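Here the chain labels run A, B, C and D in written order, and each chain numbers its own residues starting at 1.
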Amino acid sequence: MMKSYEELREVIDKKNRGLRDKVMSLEDAIGLIQDGDHVASGGCHYSKTAMAAVWEMIRQKKRDITYSRSIASTEGDLLLVAGVVKRVVSSWFSPGVTWGVSRVMRHYTQNKIAEFEEWSHMSLGLRYRAGAMGIPFIPARAMMGSDLFPRLSDIKEMECPFTGEKLALIPALNPDVAIIHAQRCDAYGNVQLDGLPFMDKDIALAANKVIVTTERIVSNDQIRRAPDRTAIGFFCVDAVVEVPYGCLPHECYGQYEPAFKHMDYYVKLMMGRGPDGVKEYLDEYVYAPANWNEYIEKIGFKNILDATIEGRGIYND
Amino acid sequence: MTKLDYNTAELVAIMSARFLEDGKIVFGGAGMPLISCILAQKLHAPTLTILFEGGVIGPDIQIGKLPPSTNEQRAARRANMLLSITDILLLQQRGYVDYGFLGGAQIDQYGNLNSSFIGDPDNPKVRLPGTGGANDIASLASKILVAMHHEKKRFVEKVDFITTPGYLQGGTSRKDAGLLAGGIYKVITHLGIFGFEKESKRMCLETLHPGATIEEVEERTGFEMIIPDKIEYTKAPTEKELTILRELDPDKRYTTPKAE
Amino acid sequence: MMKSYEELREVIDKKNRGLRDKVMSLEDAIGLIQDGDHVASGGCHYSKTAMAAVWEMIRQKKRDITYSRSIASTEGDLLLVAGVVKRVVSSWFSPGVTWGVSRVMRHYTQNKIAEFEEWSHMSLGLRYRAGAMGIPFIPARAMMGSDLFPRLSDIKEMECPFTGEKLALIPALNPDVAIIHAQRCDAYGNVQLDGLPFMDKDIALAANKVIVTTERIVSNDQIRRAPDRTAIGFFCVDAVVEVPYGCLPHECYGQYEPAFKHMDYYVKLMMGRGPDGVKEYLDEYVYAPANWNEYIEKIGFKNILDATIEGRGIYND
Amino acid sequence: MTKLDYNTAELVAIMSARFLEDGKIVFGGAGMPLISCILAQKLHAPTLTILFEGGVIGPDIQIGKLPPSTNEQRAARRANMLLSITDILLLQQRGYVDYGFLGGAQIDQYGNLNSSFIGDPDNPKVRLPGTGGANDIASLASKILVAMHHEKKRFVEKVDFITTPGYLQGGTSRKDAGLLAGGIYKVITHLGIFGFEKESKRMCLETLHPGATIEEVEERTGFEMIIPDKIEYTKAPTEKELTILRELDPDKRYTTPKAE
């Protein structure tokens, strides 16, 4: 199941990693994803979700995608109901603690239409990290003894040759594509992140292709003035797309909080009518708009302004 | 002394806070656990540090703006440090996290928790959202506190699925499985405080909350709870504890008992 | 040789990790180091060396210290000649490429007065990282096949249970004490670093005690305004010492470049007269001054001003 | 065409630069390797990225302020990214580094390098400063360039100590040892360009620099160098190459041959 080191190297070897302009349209960027790919998503839960990328994946009718993320929220529902995703690899999957258990997740998994492969939060993080480091596994002291362990095909146990202790071996994950949303990024793909870093760095290095959506594209000069802030280097990035409000209705640290009213509206629809409710939502918010800006406009100016005031407010203290 | 009035969620929040010592580090979840942690800081543990698994160390949570999740910027407000999720969970593996604060759909006599499946995992009645960081926290934090409403359907002989390891099959089985650190420290319900017998690792009553009875505990537990010969009672919530708790959650958003 | 996980946890368990004031004198901070300890040092080569800590270790006549660092420079000479260090664990040990091979290093190792245990740069980094993660090893694809490998007692090889590939297992290193110099730090030990991060973060988490020397102590409020800049958290720090110019004659990113004239002077003495030259240097620059500020004064105002202008000049662009 | 005048260090710097393709990533050391990398950028590889093992990605080095080490702020000037040492070396393990640029006190017929001990490692005549990142680079970067002055005492049959793996004992021994990636690509000396025979992995002459002779190569090599039947010659340094090189190192600080 796991690729050999030589196969992994071959993929990276073929990438053009020159310091060159990678700015493109959302359509072209998502065009890099192929049916059947494993797509890993940055952020966590309803924070820093690469929502514009997810939205465009749905519009492009991607199929048989495996979707992995530290915690999947409403974007996971959308991907399932749209028929894009067959398997979700995550540690937790529902809109949010206060909104209850996703009826879509339950419908798709309980009826075996899709799979939800459950890893602990840390072990999923270590999977990306091992992938980022170019090693087949990282040992860990969690997962053992639980019923999660025997349900996973790729995890192993060993006796530590140094201490004799039992260790879980958490296997590397090298996604085909990473979709990551950034506060800022230059045209070459140098990404600078603010606030909560989630698993974004490891995901970008672990993936074979990296698509970055960003609140704004800044000059390379600006990046070079604070190179210690660069979290993801240009060399692994394949596409840079400027998408203001690219996480809505989820949040982007320092830029905007979630559009809570829209989230409440969505959750009510989803919990009330299950997949059918989500289909209605997809029609109105994903398929109907001519482009991302039209989608944002539908979320509503007041919602967005409120979210923005709260979001940037973290710098008021 | 007049008898103070409080609901069962407030009782659990206060009892939990009492276990959090000063100078220690606690993984606070969203909701009631977070309220308990802040309560402890205000009462007896001013240098207690709260972590969130979203990557936050030592935040300064605004009353009235409690974060609904631990992975968002409200949880990060005025933190001392922000870390990647993987790194903050690894702090536990290094030994830096004293307390984990967990709940679950089910707990069993060995303290194992289930937050994955109700019924047969291959054909579940309910697929739950999953472990999040709970498996990691229970495997690695030094002392786990479990705060739950005491109900028979939740206190079961054997959980349908061990998402989050307690003492597994009891005895030495936790260490034998490779889990060398931590373990379930206390289970805090609206009826009492429960620990685990030293050898067998079976759940046992430690103290009964004022007003609760052995009968009620037994009635609401789906396995044989070990009851000590001499029953000790928990010290009732004080006026100070209740006053501060209610300042933290004035609308009782997180301290209203859920309907059973 | 490697401690069991339970022993490691016990040490960390005993640390007071409350959010409390840890500011103390250089003397008291270095007093936390015991004879026989393994002391790991942050920075690399002649950058961000915790020189004040090294200087005070010599003055306090520490003995039988094992000293580890990514690359050891002139501070390694001083520690050997002063009789503080018995074993250096590093990937490279000499003042700098342009200054040739340290005569002190050669004298002490060739005459078997002290040991120089050589690891590759990455594998030493992985040793600290494994220590920081609380795992006994990290697998890697370097070191194998070389003659470095069989000289090391603690490194092992295994066949990967996932891929069948051969892997080197790089053992965790948990130093007794880390000495780290920072651009700024608050009284609680929240450390913010600028520029090159070296291995500082991993070393701090791997060590059982952490001593931070810092160019300046800032308020906790300032730290909290940019928590995503905190590189080392207060919880692992045991001592905070304000030592302006605490790396001299080495550099501190963004603050000062090396005092090159003083470096040239030292190297000439060391290369010309070997350990005897260094003894003379120690007398004049380490033992004679009443305190660190007097030592700095002896390096000379013009030297320091030049180094400062160049050092902060990186922010001029 | 008038014959251009250049010294042996300049020759090696120019020949090395020619191997660095555009769009690739190279670990540049301090000194001559760095000059070669910048020269390649100015000549044919404008989007070639330089890394330093101190943690620097894509710096903008000021002419006249070349960093004497790769671990200091001069090396970090106007970089695209700064990383920890461990992380920048791990980029190679992930496959992101195309070229490593190495030297050493000794090289042998299989391209193994020694920078640790001269003589018996247990009783060395000289203890050298050590590997630094060289072992990692040679184990993990895709293609290793070795730039050295060609001297018999440096080109030895068997290095006293393998600090930095080439093809080890030749044949498949490198892969057998677990080193699945990379390998020594070219050895560049003041006499010629050398590669490695496909099967045996023994060093072989590829092209002779203008003016150099087979005899000189053999005389200055301490093992049997494989010489092809038909000798090919390297294209001599061009005026453009020399002009730019001398702009980069006007004082010939890094491009003056060392006394043998």
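We take it that a contact is a pair of C-beta atoms (placed from the backbone, for glycine too) under 8 Å apart; a residue touches a chain by one contact, two chains touch by 3 or more.
Predicted, not measured: the structure shown is a model, and the values here were computed from it.
Under the touch definition stated at the top, chain A and chain D share these contacting partners: C.
If you compare B-C with A-B, the chain pair joined by more contacting C-beta pairs is A-B. Using mean Cα coordinates as chain centres, the one most removed from chain A is D. Between the CA-based centres of chain B and chain C the separation comes to 40 Å, rounded to the whole angstrom. Inter-chain centre distance (chain A to chain C, centres taken as mean C-alpha positions): 37 Å.
Chain A and chain B have CA centres that are 29 Å apart. Between the Cα centres of chain B and chain D there is a gap of 59 Å.
Within chain D, contacts with two or more other chains are made by residues 56, 76, 78, 82-83, 90, 93, 140, 180-181.
In chain A, 5, 133-135, 140-141, 165, 167, 195-197, 224-225, 228, 317 are the positions where the chain touches two or more neighbouring chains simultaneously. Shown here, the protein chains touch in an arrangement that is not a line, ring, star or fully connected set.
Chain pairs that touch one another: A-B, A-C, A-D, B-C, C-D.
Those residues of chain A that touch chain B in the complex are listed here as 44-47, 70-71, 90-94, 96-98, 101-102, 105-106, 109-110, 116, 118, 120-123, 125-126, 128-129, 140-148, 151, 157, 165-168, 195-202, 251, 253-254, 257-258, 311, 314, 317. Note for the complex: chain D touches chain C at residues 30-31, 53-56, 68-69, 71-74, 76-78, 82-86, 89-90, 93, 116, 121, 124, 126-136, 139-140, 161-165, 168, 173-174, 177-181.
Within the complex formed with chain A, the residues of chain C that make contact are 2, 4-5, 133-141, 154, 156, 158, 160-163, 165, 167, 169, 171-172, 193-197, 224-225, 228, 315, 317. Residue ranges of chain B in contact with chain C, taken from their complex: 22-25, 47-49, 56-58, 60, 76, 78-83, 90-91, 93-96, 140, 142, 180-181.
Across the complex, chain A meets chain D through its residues 5-6, 8-9, 11-13, 16-20, 132-135, 188, 190, 205, 220, 223-225, 227-228, 230, 233-236.
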